[in-house]
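Worksheet for the structure shown next.
First chain written, first letter: the chains are A, B, C and D, and each begins at residue 1.
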Amino acid sequence: MNHKSNDTQAVKLTGADIAKHNSRDSCWVIIHGRAYDVTDFLPEHPGGPKIILKYAGKDATEEFEPIHPPDTLDKYLDKSKHLGEVDMGTVEEEKKEEDPDEKARQERMAVMPILEQCYNLMDFEAVARKVMKKTAWAYYSSGADDEITMRENHSAYHKIWFRPNILVDVEKIDFSTKMLGTKVDIPFYVTATALGKLGHHEGEVILTRGAKKHNVIQMIPTLASCSFDEIMDAAEPGQVQWLQLYVNKNRNITKRIVQHAEKRGCKGLFITVDAPQLGRREKDMRSKFDDVGSNVQNTSGDNVDRSQGAARAISSFIDPSLSWKDIPWFLSITKMPIILKGVQRVEDVLRAVEAGVHGVVLSNHGGRQLDFARSGIEVLAEVMPALRERGWEKKIEIFVDGGVRRATDIIKALCLGATGVGIGRPFLYAMSAYGLPGVDRAMQLLKDEMEMNMRLIGASSIEQLNPTMVDTRGLSMHSATVPSDTLGLNVYDPLVGPKEKAKL
Amino acid sequence: MNHKSNDTQAVKLTGADIAKHNSRDSCWVIIHGRAYDVTDFLPEHPGGPKIILKYAGKDATEEFEPIHPPDTLDKYLDKSKHLGEVDMGTVEEEKKEEDPDEKARQERMAVMPILEQCYNLMDFEAVARKVMKKTAWAYYSSGADDEITMRENHSAYHKIWFRPNILVDVEKIDFSTKMLGTKVDIPFYVTATALGKLGHHEGEVILTRGAKKHNVIQMIPTLASCSFDEIMDAAEPGQVQWLQLYVNKNRNITKRIVQHAEKRGCKGLFITVDAPQLGRREKDMRSKFDDVGSNVQNTSGDNVDRSQGAARAISSFIDPSLSWKDIPWFLSITKMPIILKGVQRVEDVLRAVEAGVHGVVLSNHGGRQLDFARSGIEVLAEVMPALRERGWEKKIEIFVDGGVRRATDIIKALCLGATGVGIGRPFLYAMSAYGLPGVDRAMQLLKDEMEMNMRLIGASSIEQLNPTMVDTRGLSMHSATVPSDTLGLNVYDPLVGPKEKAKL
Amino acid sequence: MNHKSNDTQAVKLTGADIAKHNSRDSCWVIIHGRAYDVTDFLPEHPGGPKIILKYAGKDATEEFEPIHPPDTLDKYLDKSKHLGEVDMGTVEEEKKEEDPDEKARQERMAVMPILEQCYNLMDFEAVARKVMKKTAWAYYSSGADDEITMRENHSAYHKIWFRPNILVDVEKIDFSTKMLGTKVDIPFYVTATALGKLGHHEGEVILTRGAKKHNVIQMIPTLASCSFDEIMDAAEPGQVQWLQLYVNKNRNITKRIVQHAEKRGCKGLFITVDAPQLGRREKDMRSKFDDVGSNVQNTSGDNVDRSQGAARAISSFIDPSLSWKDIPWFLSITKMPIILKGVQRVEDVLRAVEAGVHGVVLSNHGGRQLDFARSGIEVLAEVMPALRERGWEKKIEIFVDGGVRRATDIIKALCLGATGVGIGRPFLYAMSAYGLPGVDRAMQLLKDEMEMNMRLIGASSIEQLNPTMVDTRGLSMHSATVPSDTLGLNVYDPLVGPKEKAKL
Amino acid sequence: MNHKSNDTQAVKLTGADIAKHNSRDSCWVIIHGRAYDVTDFLPEHPGGPKIILKYAGKDATEEFEPIHPPDTLDKYLDKSKHLGEVDMGTVEEEKKEEDPDEKARQERMAVMPILEQCYNLMDFEAVARKVMKKTAWAYYSSGADDEITMRENHSAYHKIWFRPNILVDVEKIDFSTKMLGTKVDIPFYVTATALGKLGHHEGEVILTRGAKKHNVIQMIPTLASCSFDEIMDAAEPGQVQWLQLYVNKNRNITKRIVQHAEKRGCKGLFITVDAPQLGRREKDMRSKFDDVGSNVQNTSGDNVDRSQGAARAISSFIDPSLSWKDIPWFLSITKMPIILKGVQRVEDVLRAVEAGVHGVVLSNHGGRQLDFARSGIEVLAEVMPALRERGWEKKIEIFVDGGVRRATDIIKALCLGATGVGIGRPFLYAMSAYGLPGVDRAMQLLKDEMEMNMRLIGASSIEQLNPTMVDTRGLSMHSATVPSDTLGLNVYDPLVGPKEKAKL
């Protein structure tokens, strides 16, 4: 049977037509009311064939939607495999088994806290954890290996304490600043995070709108659920966006992406350098495994994709051979400032200066790549003195991301010399739980905290923040206390408070 | 309808009269049997209009009472808005919904521990937590952001250990000392804390009486529930009090307050310098939110005041532009010794000496302002060597507050060079739970501990305390241990003790 | 009515006779079948009048027994107050209320683990906690204030790690050593602890027998439940005992005690220098309070003794004016070696050498006196280098007590330079739970551990232990980690292990 | 009755024959269908007589099997005591009491996670803990004393953090390396662990097969359940194995073992130097005690073996007099490289170089011998600088074992200078839970992690790993935090997140 992919004329396909092609030998799927022959594509699918085969001969829209930008099929599937429209009335509706997890989630949704009850960025995470779908939560919240770096990222800020100035006139507080030449209202930007539609059906454009409202910059992720152009289109005139780039092995593709971004008006190119291979995140892997179901234990052969979770599904097309020698080429193909995202030690910051790039992000990818990578804020404390020693501190802009949850975290980074900080997951959680109003409130809370804490540290503008305002003596130690003697702890009879009166 | 505020003649107003004015357009309230038109005042109310509107057309006494000194209406509401007496028999009694929280609290009150069961200052807090009203507890017990500084304040004392002298004659122990020229029985003072009537219907005068009984000094708070004069009047002849001051933007008001205090006999002026804006305390905000009730989620427009709690309600009239340049003026308007309350780094202590003030309080406002501000005791360890190096240690008196719970804490501060320490919340909790007998016992317990521990450290008088008696090597580190690997902890099979015999 | 205390003739008193004297005005009690008039003694009773009045007109034997040596009445109550024998058949038996705590304890006794299930010293404590009477447990297990020093005592050993030698011939292990000239099987001694009959009806003589069996020295406590002579009498020929001394204000009494001990054969005089006043132990105070009962809340006047617990009850007759100037006098009244027990800093060890005493015990009284006193082992690490620097390390024997629970603890102390260690509570717990067999097994376990660990550290004799065998870099820090952010910890979703299969 | 042990002719023995010899005076047992007279052997049994007497007159196969290699009886029991075959049909089957522990274990087995759900080495331990027999689990999982060193072994890796290189070409990763001349696929070896049949009925040969599959070296334990030759026979041609040796007091036996191993093709001799006496492991002791049953409390006399567990049962024949003077003899009897296993301080590594051995394993025997021995990785950080200082780093190969659970742990050890790491328990757990597929997957997971993390640290081969890639500032501290004040922690009212809406 030969279908021509001529949308204008054709008789619509029926559910029965599709249902016949339900195997590895001939595999058709329906997406958004159109049929596609993905038989040949199965082995190339970055997420592995298994997940497609689950929907062979069926409608895969719901699974496809959140993790593929809308232009995916046009880009990666030959037109000859586009089989045309399906008469959706003829497609048998899948009977879904009642899922007790999903039912419990719906119950939690019904008593979801109202937005005004969220007073800080952690609160959005608390709500999101309860109301997000399990796989989506697992993808967003997971980190590498034991998630030690992921947690250290915020914990490191706890080792930095303030030395506030008093009796400074702080009536008027201005915490606007400049990043790569752009004036922003507050020194954070929305950093790139993948697969926004897992959390909210509209995806990353929600963040675009939130960023506009608070005049901060959004960094557009390569692995967005929305297409790049959709995200650019969602911006309002004058709104500044940056591009985060995973470098494709095919440099022509890379070049096309970069130059397209520049043409569309992107104001910064953030090249990811901490992810030559996408991380192994066990929470995500376990969640994905559960999703595919228990029959998986009988299969064999395609072991690899079986246990990888959403993280691995999107990891194709990243060039692990990317190296310092590629930097001049990047500088040659664009006039956008180039920033290396994921630098993790002072030696590489110095080398970045020498390579002529315009900035670095001290980052460990949100703790999602190498466990036991140090926090960005710790690396910053190592980097700035070395730059100052060489008089290079103005030659490059230093950004930090990972673990920022409070305005005090932002202030600490700026005291130590950062130009600004990137914030990712907290806005994803706010978006997943409450949509744009959530993102709006999250950003407003940071502004409220920022105003308060600038006053309390005794600085009326960003320029006044400096290293004497922080005490970083605790920062360099990676303390793990000696394991305790459980026998000793068990026999200790702890003190208790006053005893209640007997009831009469 | 035109009411003249002539109290002497008028026909009394009725409940029905008042009830008509129950909206933002015309808002009357009854307080202590008298009616007030607060329509025009709504937007100016430091606590926001919402809380007043809840009582529009009704009796607001119960809500008003604990957080406003009795002279508030006279001071801040124009006489033309005083509508005169109300015939309270005609006012319909509000039917209160049964509040399960309040019911549970009443049950806890019924089995409240007897006072003699409180053996230390923490015990009063344990009782207060159970028997105080939820909003009052939230206001007293809350701190800034994650309450890390609030807890660090006491925790920092745990890093200081003793190096006691032995074989010193400690038969007679004298721990009386002098603060700003006043002889006191023990080197602490009752520091200023706001809204005493939240905890006890009589408010701060309870503390006045307790301070008298134990011959210690009380610092009178600007934001007391009792009026300044009430607190002064509660003192007995010869009893010494200090004034804590939030500086009003209107310096004439400030001047009037200061000079009135001096005239009334205050012996020290403590200018608050760590609170240009009152702190954001989320525990308090959540508690207040709950109090206003669930209908709040339908409203809009006045978002700001909705989520602020008691802390924000009292934050008006503090001048954030207060700066070092104002100090000479203060020195010019009073002969009282001037002390800066809330100094947080050595540089500012040195500047205070140069500015000619008489003392500083190393304080972070009980952890209620800037989270990650260091503890006063840690700053003290940084300050004293710098003073001694310059030979300035006698030029200024150094006080410390925050986290003092044991006599050993007091002794540690004095060993390091403090003149005395301020104690706030513990006395509030003692007062809230047990009234004056609670405060009395709390102070007596500190004296008992003090005598014991002076003996045990081998010092028979305050002068004998010195830095060689403490080991502060742990004090400067802000350790946060590396996050643990939950998998590893979960699989460890802990040792257990001997197994019981099987029962026959 | 006039009773002559002539035991030989008198008609026996009846219960009814005694019962009439049941008030503060005339207070008689029965002890071991004899009546005593304690009316005049009430105000002098170290434990306060209240506890005696509870038994006014009644038989007080059960309460009296465990905390008073048998010669107490002879020593402290004038013969004229000894009223003679009581016909116990006429004394109405006290109906005891059923005590639910005691009932639960009896149930725990019924399933008490068999002795062979105790594999280490902590195990005895675990059993004792369950089977001891509540007040006895509270007295033994309590420490000063927050019990931080008490716990630090053992915890400090966790900061010391080994640097073992390998390939040393350890076939034959000899860990016998000498203390003050006495050869002992293993370098620990049974240190003095008060009120042994609280744990076991025979009291301290149990420890005497255990010490004999394992050839270690027992230090006899001043505040023993058995009399000094009973404990001496329990020793076998050649068995060595020391005397722990609280110095009485009346130096004649002190002299009599010391010279009597020397005459009876004591081989060392340990003068307690860390307890000019007996400690405040809140666990003990709460337990005592409960014991006296709820009616206490109605009384007044004798507040002091009401909240003191067993610790305070025995604190009389200690001279707080004891000082260095008294040392020559002690040296003049005895030829026994004199050791200062409770030295807590290097300066005082040096002074002890200069004063000519023969030893010191680095001790904080088991954490029962000054909270935040450092552990003996930490002080040892400070002391030995200072002694060696002066070439004084042979001039004085250094002992350590507090927190020793494992043979590795003993080895650590000896590596650092101690002559031996004192062990107290663990033997009390072993005795309380299992009597002499418990003490025997506890000591044997230490010997087993000692042999094993001497081999494993690569030392065949005590002389081979030296400072290069331990790593003490962690010892000097008094780390308290930064308080954690509860919000952050709550929202973290911890990793979990593999999921069980669904049951078929 | 006189039985000749002539297997070829004899009439088979009956169950009744055997059953008569059921006492200490005459003790026969059946093993694998043959009878043995062990009466004279009872006192020599390393595991004590008690455990044999439990089976006197009965079939002991099930108990005997997992802890004795098959050649045990031939080696250690004189032929005259081999009584010949038993007609097993005549042996009364033992009625086993229903064991609730075993029943619960069977239930856990039924829902045992599928293998693919294990994503890391800890997961196998989690499963093994649930499905292994209690005594087997206790033997494998136990450590010395408080198991502090056992836990520190892995915890120490948490103190080492990465300083990754970026922009290094990591497309091709090669983590093969050489150990003692053998090329291996990944720098770990399967270290020696005792009694493999406790976990899996086939025992150590499972590990042999797993090691072959992944081209890593297996170290054969002296105390294997399989015989040495069985393990050698299980290897495939070209597969490399090493021998771990406990040195027998009879050097002829030692020599025979060593030379036999060399002849069979062993490529390395690892002499155990950290176990002159086998460790005391209380978890194991408690488990064994429970197993023997409650009647034990009535016995006496043979106290020693009663409380020793599996660890002590195998501890015979180890020479505690082994010392440095024996090393030349070892060098003289074999050409295999000699490695000292269990070196624990830098001084002994230097001495090992001088003694001419070829390698050392920095090890504390998996935390099973001396508690508070430092982790191998910590000792490594002390050793390598000392070697480099002397230019000796090529003279000797340094291995580390203990606590390795992640590829990042391996990378850390190699960055610091180790040639490779030994992994023991994790493979035992994988084998116990899942047999060979478990071991296979465990090794594959390490390879997957290794590839990933080599990329992420920016090294494409083992040679590129170096000390600048790790931050070890936290490694040397043995922090134990100050005990917390339970009263203070109890009264703190922790922050909570947003409140759920009331359900409608």
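One rule holds for everything that comes next: a contact is a pair of C-beta atoms (placed from the backbone, for glycine too) under 8 Å apart; a residue touches a chain by one contact, two chains touch by 3 or more.
Chain labels with UniProt names: A, B, C, D = L-lactate dehydrogenase (cytochrome).
The shown structure was predicted, so the numbers you read here are calculated from the model rather than taken from an experiment.
> Give me the rotation angle that lays the C-alpha atoms of chain A onto its copy chain B, rounded to the nearest 5 degrees.
To bring chain A onto chain B, one rotates by 90 degrees.
> Regarding the chain B and chain C pair, does the interface count as same (over half of residue numbers shared) or different (under half shared)?
Copies use mostly different positions to touch.
> Could you grab the centroid distance between chain C and chain D? Build each centroid from C-alpha atoms only and quote it in angstrom.
Comparing mean C-alpha positions, chain D is 43 Å from chain C.
> Just curious, how far off is chain C from chain A if you go by their C-alpha centres, in Å?
It comes to 60 Å between the two C-alpha centres.
> Quick one: which residues in chain A touch 2 or more of the other chains?
114, 117, 119-120, 122-123, 126, 146-148, 151, 155, 158-159, 282, 286, 474, 477-482, 484-488, 490-491, 495-499, 501-502
> Provide the residue numbers of chain D that touch chain C in the complex, in ascending order.
110-114, 117-119, 122-123, 126-127, 145-146, 148, 273-277, 279-280, 282, 285-286, 289, 296-297, 303, 306-307, 319-324, 326-327, 340, 342-345, 347-348, 369-374, 476-488, 494-497
> For the complex, give me every residue of chain A touching chain C.
Chain A reaches chain C through residues 120, 122-123, 125-126, 129, 137, 141, 146-147, 151, 154-155, 158-159, 282-283, 286, 290, 294, 405, 474, 479, 481-482, 484-485, 487-488, 490-493, 495-496, 498-499, 501-502.
> If we count contacts the way the header does, which residues on chain C are in touch with chain D in the complex?
Going through chain C, the ones touching chain D are 114, 116-117, 119-120, 146-148, 151-152, 155-156, 158-171, 406, 408, 412, 448-449, 451-453, 455-457, 468, 471, 473-474, 477-481, 485-487, 490-491, 497-503.
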